[in-house]
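The two complexes that follow have chain A in common; it is paired with chain B in the first and with chain C in the second.
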Partner chain A sequence: MFCIMAWRNIWRNTRRTAVILTAIVIGVWSMILLGSLMRGMLTTMVENGIATLTGHVQVHAKGYRADPVIENSMTSPGRAEAAVNKLLPPGGHWTARVRVNAVASNARHASGVTLVGIDPAKEAKVSFIGRAVNKGRYLKPEDKYGVVVGKALLDKFETRLGHKLVVMSQDTTKQIASRAFTIVGVFRADLEATEKEFIFITMPAAQDMLKLKDGVSEIAVLLPKEDGVAAFAQGLSSALPGSYEVQTWQELQPMLEAYLSIFNGFIAIWNLVIFIAMAFGIVNTTLMAVYERIREFGLLKALGMKPRWIVQEVLTQSLFLLLLGMALGNLLAWLSIRALSGGIDLSAFAAGAEYFGMSRVIFPEIAAGDVVLANVVVFFLGLLVSAYPALKASRFTPVKALAHN
Partner chain B sequence: MSVDAKMAWRNLWRNPRRTILTVAAIAFACLLLIFMLSWQFGSYEAMINAAVKIHTGHLQVQAKGYQEKQSIRQVVPDPQAVAKILAKAPGVSHYTFRSDAFSLVSSKQRTYGVLVVGIEPEKEAQVSTLKKIISRGSYLLAGDKNGALLGHLLAKNLQVGLGDEVTVLGQGRDGSIAATVLKVKGIYRSGMDQFDRSSLQISLQNFDDTYTMMGAVHEVVAVCRSLDAVPQAKDFVAAKLTGLPPKHPLVALDWDQLMPGLLQGIKIDMISGLIFYFLLLLVVAFSILNTFLMSIFERMHEFGVLMALGTTPGRLTKLVLLESTALTMVGVAAGLVLGCAVTWYFQDQGIALTGASDILRQYGLPHRMYPQLSLLSALLGPAAVLAITFLTALYPALKIRRLSPLKALSYV
Partner chain C sequence: MSLVACENVKKTYWQGKVEVPALRGVSLAVEEGGFVALCGPSGSGKTTMLNIIGGLDVADSGRVVVDENDYQNMSQTQMAAMRLNKIGFVFQAYNLIPVLSAVENVEFVMLLQGVPAAERRERATAMLDEVGLSGKYHRRPSELSGGQQQRVAVARAIVSNPSIVLADEPTANLDSKTGTGLLEMMREMNQKRKVTFIFSTHDDLVMDFARRLVHIRDGQVAEDSVKEK
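Let's turn to the complex of A and B:
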């Protein structure tokens, strides 16, 4: 009975209901849409971070993270590789890398870079580089003197495919090892900084140049699902002796983790702000609806209706209003996210996006958590603020209410 | 006060609760916008200043093309001539010379590729924060023969401390080998990992000897009295530069050209902020639309009587608009006062963003941020609120114009 009464009461004044409904719909829509855009931006950021030679989990020799130099490499990685192989869930991939600071130079330019020695086939399954080469070719296992560099580095060095690049770095005997490579491929990355930082050669070439023998700097693991990361890292850590360190991407990239928590906080605050703006409308509209019916409430009370029932009736009205607004708002948000699924292109601001480490295209992403948060905020706080007019309505005494006009 | 104004004001307080709630909604929107805009402007200014202080200065004179290629051969051959121009440029408060060369720097244990920068210690201290961020040891003296300053991360990577020796190996301006031995004199901590990891400063005189610069430098860096003074100073310098020998063309670049990402990044932030505010205003508008609508529809009978007595619909429209304007004004005024008070409080106290300090550090920002209340940030938000509430109030007010007394009187 409450439901029928409440529902009919809502539509006694169509225009008023439509207006407040619009406020709720816009509120819910903007919460979910903006949340999804921010979430999409973040996810791309995290995915790029993981694909840019981080992976989900990495294994290093103890001390490498604090001081990433060649002396802190894993001299015989066989044991760690076996442990990774044993624990790796189906669908996961891993690869080993040599990673050292180096200086790249040609006749005209010199610059500090990170030299990465990779196993081409395995690396392609773990990080971005396998699909990022867009000029020339990717490395082949037998390449002894081939190097793949980023587009930005190529431009900075005023060089091109087929030309030589001299790479210098310190080898395990503390001597400067230097070797000339031929540029066989050029890769593009989402961030120019990545294109300038990394140059890739094959692992045997790196091990030979740096006198590493079989040693590697790191083993990177990409898991099929992200939620298994902590458990996998724990398992791997306990399977390996103390001379190894196992770290998750959150530990390897603390900045990404910090961005995540800032944005989560921001989404929550934004939801609250929008809600407050709409709460004034909800309270005011409900209050008006209640005052209009003051005689009616007085009569009902005189006829023996309990105050509790009046509260319940008014709250049910708000409930319907909120549910309807939420349903429409969610639908609208879903439609606009679908419409934007091609991504929002920030190329016009590419340098600006780069400055903040954002990718050039933002794809909205629906995260269940964000949608639930927005709806929960609107629903519960909406009912909470409606309590004020509801209680007001229940306190009208029959005499006063009937005297009111 | 005219009769209309008096009537409007009294009408407002016929339903004080509703009026107060509506005023509160408007005030809330104003308060939020003032605070947020002040916050955004404050952080932009802090970002620009931080980047300018540590890296580029407001204005630089370089050889044409140096910004893109950064080759050691692209020099300002006669820095004194440029200095004379800068000394006369309006708004420029300080300037200094710098030279850069990418070189190999080795300690006993380690070797890293590093940007070696030649600075004039005394003038540099007026242009950048370098002197202030020295965390161990001391700053360079003018004409220092072999002292070096380096970032704490580079010191850690090289495994060197104060007083240790490092050797530098690079290429001179004439293509010869440039090599020297330096002593670590000071270690600095800017907070920006990239900077602390990859640069080493020596005196310009030492740089000149080591890299056979023959008196030339790479950059003449200037700071202006304020950001607003930059364009004028730049125009002046650019015009005067054309008077120098045309054999080595020089260019004047401002901080935006030196760091193209920064201004664009700010624009992205600004635009996304505007979208947020627009949506917020839309929600506020619909939240208060009902107040305006109700205040008219519940008085239809009254309007009918007034019209029957000879009041024109135009005057009624005016009355209703006066009411909503008064309401809005009260809300905006309250929001303005509260918003400025809240912003001013935080401008004084700062807001600690401890969780984000690692990220802020990378942009040279402190973990305590200060909103900047300005005329623009204080008035922009309330103006937008005023505009949108006025538009909202227009719809019900215009409904009255088409009202006939008969229809109004029979309205229930």
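Let's turn to the complex of A and C:
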């Protein structure tokens, strides 16, 4: 009967109940929705970072990271490749690259770029480039003079498919190496900076141009699962001699890692702020409800109801409100996320979004942990803050309570 | 031995900085089966006396023994158990729990006592029949008249088989006809079930029905008389 009393008492003042339910619904909804948007932003940031030639793990010759010049390339990558092949879990992929700083130029413009020599087939499984070419064609293994450039670079150079691009860099003999390539394909990326920075040729073309022979600058590995990265890197590091360096994407992109920490902290702070605002509403409204029922509590005590049962009855009321609010809030959040599943276009804020490495379109992403956390926080802290009005109700003396006007 | 025995009970209240002596040494004994009215003007101390007998308030000094339970040595928890099992209450107003129906209100005390659900319902409906509210089991207090609400309160007070029923101004908000009906029912309960009733009242109607009148004035018993049969 306490449950019946609690449930019916909720609806004694429907307006007040609607207010407090609205507060809970908005609280839960905003925690989950904003959490999903932020999680979506984080995911695209990480995915962009990993797909933009980082991969989950990279192997370099020792010293390359500190000074990424052609002389610090892996001249005989066979050992590293064998170790990667041995440790690679099912579903994982790897590729080798030549990566050097270069200058690209045509008749009108010149610009610093990163020249990337790739194995087209393997690279397509590891980074974004395999699916990013939307004009012309992707590189073929036999391409000696073909280059794939970004749309933004193409526009910047005021050139087009089929036209020439001269690429210049320093080779292993410390001489200037220069070659003219034909633009065979144009790629699009989420970030305009990516389109301007990278140009892709085949690895043999790069090795030939730079006199690198069989050398490569890096080996990039893409693992099937995010949570296996650290273990894989550790295993690979142990398997290779000290002349190699193995790094995870977190080490390769410390700024991204820092953004993740900031966002995670922001999500936690946001949830806390939302809850504090909601908690005041819960306490205030529950306290109002308790004071309205002072005489009733006096009657209950006069009839012999123990104080802890009064606490239980008031908390049960809060419990029902919280459960109802949480259910509606979760439903609203789910509907909102479904409605936004096509993505939120941030093109208007493209410059700002790009600064953080976010794509122009954000897709909300529900993480089970975020949903559970939002609901657990609301539920337990909601009950906790309801304890004060409940204890207040249990402490009314029957005589004073019954005499209350 | 008396069902209720009060010896030299004193109680003082504070109204701001002013000390107000509500009871100045009241001694009173009520036998089982009594139908007693504590009467007096407003502020005489009759309600205070009733509250102390009912364990809703605590005397500053003096002795109160109800059904062989000495209040002096009882904790708050024991007092609550006393009210639950031995004492029934009928108040002037706001007697019923608004969100419960008539039958649920009557069941409520039995629920606190741990009576099984089926037995609760059976006894509650029987008691409502006895107080003349057949067919109105599922009405909420807001759907009942004042007199009907008081009848439900009496039913609730009696259904748990208490030793005494304390009624504080039970007819105060009722018209004379309704009040008469209520008092007739309570007298019938008293005679049939031998439940002791103690009223706090300044209503002549209640005093007419009572078999014993204890007049309280300025916190003391001014007169204690039993009516001739």
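Keep this in mind: the second predicted complex is superposed on the first by the 395 of 405 C-alpha atoms of A that agree within 3 Å, B and C clash if a C-alpha of one lies under 4 Å from a C-alpha of the other, contacts with A are read in each partner's own complex, and residues count from 1 in each chain.
One rule holds for everything that comes next: contacts are C-beta pairs under 8 Å (C-beta built on N, C-alpha and C of every residue); 3 or more make two chains touch, one makes a residue touch a chain.
Every value quoted in this text rests on a predicted model; they were computed, and no experiment measured them.
Asks: Between chain B (first) and chain C (second), which does A:277 come into contact with in this model arrangement: first, second, both, or neither?
Replies: Once the two structures are laid over each other on A, A:277 reaches chain B alone.
Asks: Would you check which partner chain A:170 touches, where first means chain B only, second means chain C only, and both and neither mean what they say?
Replies: first
Asks: Return first, second, both or neither, reflecting whether A:16 touches chain B, chain C, both chains, or no partner chain.
Replies: first
Asks: Name the contact category of A:243: first (chain B only), second (chain C only), both, or neither.
Replies: Touch status of A:243: no partner.
Asks: Looking only at chain A, is it chain B or chain C that touches more of its residues?
Replies: Partner with more touched residues of chain A: B.
Asks: Is A:182 in contact with chain B, with chain C, with both, or with neither (first, second, both, neither)?
Replies: Once the two structures are laid over each other on A, A:182 reaches no partner at all.
Asks: Considering only touches as defined above, state whether A:306 meets chain B (first), chain C (second), both or neither.
Replies: second
Asks: Of the partners chain B and chain C, which touch A:76 in the superposed model: first, second, both, neither?
Replies: In the superposed model, A:76 contacts neither chain B nor chain C.
Asks: Identify the residues of chain A that lie in both the chain B contact region and the chain C contact region.
Replies: The overlap between the chain B and chain C interfaces on chain A is empty, containing no residue.
Asks: Help me check something: in the complex, which residues belonging to chain B touch chain A?
Replies: Checking each residue of chain B against chain A gives 17-18, 21-22, 24-25, 28-29, 32, 69-71, 102-104, 109-114, 156-157, 170-171, 198, 259-269, 275-276, 279-280, 282-284, 286-291, 293-294, 297-298, 355-356, 358-359, 362.
Asks: With touch defined as at the start, can you tell me which chain A residues reach chain B in the complex?
Replies: For this pair, the touching residues of chain A are 15-16, 19-20, 22-23, 26-27, 30, 34, 67, 69, 101-103, 108-113, 156, 158, 168-170, 174, 176, 254-255, 258-259, 261-262, 265, 270, 273-274, 276-278, 280-285, 287-288, 292, 346, 349-356, 358.
Asks: Spell out the residues on chain C that touch chain A in their complex, using ranges where they run on.
Replies: Against chain A, chain C makes touches at 51, 54, 56-57, 77, 80-85, 89, 91, 94-95, 97-100, 104, 107-109, 111-112, 156.
Asks: For chain A, which residues are in contact with chain C within the complex?
Replies: Listed in rising order, the residues of chain A that touch chain C are 1, 4-5, 8-9, 12, 295-296, 299-306, 309, 398-399, 402.
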